[in-house]
């Protein structure tokens, strides 16, 4: 198995290393008849592209996607969609030194232990560039969801101690600010905080939040494939994520039942919830409310200050990492989190189509 | 699919409702030759059994397990192990009323939306009794892990505002206190807090922590089947869990790289980490350190105070839930979290056996 | 994994040994709202039950099924359906001898090699009784298919040299004759042939054929999950099956393109094929014609004449198998083949629901 | 799902259409440390390459493979191996006509029914070129197996009425003759037969046989993932295959137990079978003997004589297919069958590593 596939009905398989010839993804199970072109995917890839501002590595990657299969006359054919993004700007010579020791906070040591050796160029498969396949596939999932009236909106909620103010929430700011915060004022504070981090040769963590609107009630499977469980896996599988919260998340542990329960009510003739502590999921199944989650992202492990570590041969050494590294992972991970959520939802939406005999009867009558 | 299976190599499939004839689990992929008897499993089931103290529902379930297949002459045969636990104390008449409305914080509404109707007796499949299959299977996984030198220890870290003091950590207390706290003094405070909750017809949330020792480096797959990602899914799939943290968890988002990175060092000739902010997982792969995670559990949604909700026919009503309900879910969920972690680890351990060609060559030579 | 599950959307997991406490199956992914009772399943189980006539082992098993979960108020709930059939007539003392040697044509040796030991009582998991779970689950799949207008009809096509005459095809005979042949005259000849076999302490092989009507065009996935590929796996997984044919099957290898191609034509305004050499499947996808397949079943390996073999300790010995054994496997395997086909089709039908964007749009509009 | 993946532990995902930009495969779960270069894969691809002789389409495809990921310094890294083969010689204008009607024996109609439209250029995804991904991945599987002492040998057993004579079996002939027959004399007769077919604007079917040596006993899972069941799926998923036989295959149905049972014996101190009617598989598990299977391949559906069919709009028409087509599929499918068998075996070998607790204990001790 080896874990490079995600999803059952809408299944993606990613491949590629930081400094190999290319990275890519195969999307299997995309329904036929979806209008799709490279620009649809490029739009998402551009959101995670490096080199856009001073908090992002100056590596100048075009990250241009090519559709190699599965699309004919502008529409998906139902057969696998193969997407390829060449690595154009890799500089292998930068990385020769790190072959000899284990960078703290990186997967160098664990890859060596697991596989006996590793592709040490730029982190190889454990590089953040691995997320290119996720985002390219996520763009397709998001397009399917949009056709069904479902929209996702992820953004930076906090960087270090700087948190957005909900009252200043402005979706335009997400795409315009270098931090991807939906709050221009918080963004400025965060920029200053990151400047400080960089001056101190340090890095910062942060929180990404995502809101999903338009999900019908009934999506997610009871027991192991709960919508929140599948989201948790999808999100925790993003490199630097160390915690996942659904709805009120960690606050539920200090809450009481009388506060945390969301009363049901009726609005415009439809049953809905008065509050949304649950984050749109009850018993692992969407309840028709907005779905809300947060992920906590660790600070970039590549920092420029001196660090203690050991060499491959087991000698304690002091190292100073060189190269090009973002002082914060969060802004570029926003679209990755959004993509993983889109992939999860699409998969569970398709799964839900066979949950009721009455729907199945109608479906096969209609054809 | 429908989500009642977990794992690929060591795969469990659970079944059963709160008030059906029985609940159970089929464990497929258990290696042959493991000594196994019903007492091994019963020990785990007894840890989640109701009726043990005043914070646990007085429902008197024996929850006695029978092994129906897969064990011969005291050892597993390699074929599926079917475990069955009869429901002996269900009182369906208690639940007739709740058929007519949607309990806040429960899955009544979402099941109706998904399936068109629901087994309303005691929550049916969404009942906490669903975890019996997880724990029964988890006991087998934990036994396998123990033979390989891996031990798991889960406990209650906090209930409402009461948190354990690490300096008073006493593992004996986990099995002896009604809260499953490893700290007798915190337990007393938590008991008082829960008494207050009950008097106020309210309920409390809390945090479960788990530490896993002895996991070799190299377990977990890069990208989607990371060890932490698989743990996150396993844990978030437990009914009332709303957040999962690995290692420092939510603290990483306000941390800096210089603090959060764990320096490598050498101890007794072996490479290890000086600190363990990462919680024993780097790049989704175990690094040989202790694995640490926490889950945040919401307050019991069944509270005895009056609540606002709607009837099945869509009329706003006031309800007061009757029956027998724990004021806190946490203590009985401790063994469930431990079980889900054991299942996840066992599955990924088996997966890791084919990750290196040199190991495979030796394996097939030896046979 | 270990292979006790079949299907992705409609997934069954079987368990149980010949002489354990019980056998059973868990059906996960059955849609909610299907009327279902034990009699629906018992009808199928009775078709494979032993002791019905002189060619079937006199072992008197009731093989009575109990539904333990997943059905409420006479309808499936969408949650896993657990079915249990107790072993009531096992006589372990009959089997003590065969623990010491390897029966030719049986899985005794391969189980020992794979697992290090085996449950030798009546073949354990490799017994024909393992098919009880398949048939019980197949009954549910067949009921779903029937609601969608799809019917399956399997029967014995030949036993040893005796083959049915298509011109005498009478479906009533399938359930009435001891051979399950749809031809009373061929049945009589086959009965005489089997009597001869028994007198010679020998056994006979045969062919099962199955015809499936009403399958809409478009079922089956291109490439690896072709309808015929999935059927081939399902059928070859039945104990004694050694060959699977689709449509003209083995005859295609000596045919020519001009003979084997089925011309398309129009009938009652609908496109269809003039002939059906393809057996209803083109490119792995159903074409709307009748689906036809055949399986070749080996002679019962348990014969009463003296046989050469080796003991567990590796000494050449002569053995004479005792006990109760059918002289032919075919008649009781007819319903097993039909069940496996029903399970395969149901799974691929559900899979096909998300193959077109236009259907998905309509589906989520309607809800 | 959509069926473009095969295998669980060693999982391949293929993509690409006959006339798209390229075809390829992603191999996930390949162990680290296998020496691998493009020549290893090219050798297999060259065996299926078109244009090698007068029975193979003159389409001049280089079919040159590039490794895009998963190999570093000449060895596999354990991460996904992405292989790409560009389409260089496609002539789309040849195919414009067939967009308007349904070719008999092809998947044109079923793709249209399933997906609503199709990529009609050269059959799109249903083209024989789809097998490029299978063969490229199969080359890697075969290399792993070879390192473990397992070798596969597939060849043409018959074409139309011409069958090889076992007494003239010469493995050299497989790679040297245009028919891939291991018998120079049968090859000549088959060449004459094919010349006749071509003159009559017709095509021929045939049989492929494969022998696998060196498989240890114990591979394959009981019940659904039997070795023979998995092989049957793998082989039936090859485009034109309509029947799969294991060991004696179809002959078992007219055999008797006394003939078909293989007596066990002892040779050089090891238990083995005196005969091999079973084809090396008992109870779905390898028994240490040679594994033998056959597949029956239908005649090329693209024939140049006039055929009856219907247009897309449902009008009966006469058509004469143009273009370049082999008069027989068999020779180029030989390496495809061998590849599918290698993939199946590798997957089940890895699965078998966790079947015994004693092996698992030793494995994790050694590390």
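Here are a few things to note about the model shown:
Note that the chains take the letters A, B, C and D in the order they are written out, and that residue 1 is the start of every chain.
Following the convention adopted for this analysis, a residue touches a chain if its C-beta (ideal position, glycine included) is under 8 Å from a C-beta of that chain, and two chains touch if they have at least 3 such contacts.
Keep in mind that what you see is a predicted model, and the values were worked out from it rather than measured.
The chain pair with the larger count of C-beta pairs in contact, out of A-B and B-D, is A-B.
The chain with its CA mean position farthest from that of subunit D is B. Counted by residue number, the contact pairs of B-C are over half the same as those of A-D, the matching pair from C-D, A-C or A-D.
Note on chain placement: the centre of subunit A and the centre of subunit D lie 38 Å apart, centres being C-alpha means. We define each chain's centre as the mean of its Cα atoms; on that basis subunit B and subunit D are separated by 44 Å. If each chain is reduced to the centroid of its CA atoms, subunit A and subunit B end up 26 Å from each other. Shared interface positions of subunit D, i.e. residues touching 2 or more other chains, are given as 1-5, 8-9, 14, 29, 32-33, 78-79, 114-116, 125, 216, 218, 222, 351, 355-356, 358. Note for the complex: subunit A touches subunit B at residues 1-6, 8, 14, 102, 104-107, 109-111, 113-116, 125-126, 130, 158, 160-161, 197, 200, 202-207, 216-226, 228-237, 239, 242-266, 269, 271, 274, 278-279, 282-288, 296-303, 305, 307-310, 314-316, 351-352, 355-356, 358.
Across the complex, subunit C is touched by residues 8-10, 29, 31-34, 76, 78-79, 144, 147-149, 216, 218, 222, 349-351, 353-364, 366-367 of subunit A. Residues 1-5, 8-9, 11, 13-17, 20-24, 26, 28-30, 32-33, 66, 68-70, 72-73, 75, 77-82, 84, 114-119, 121, 124-125 of subunit B are the ones touching subunit C in the complex.
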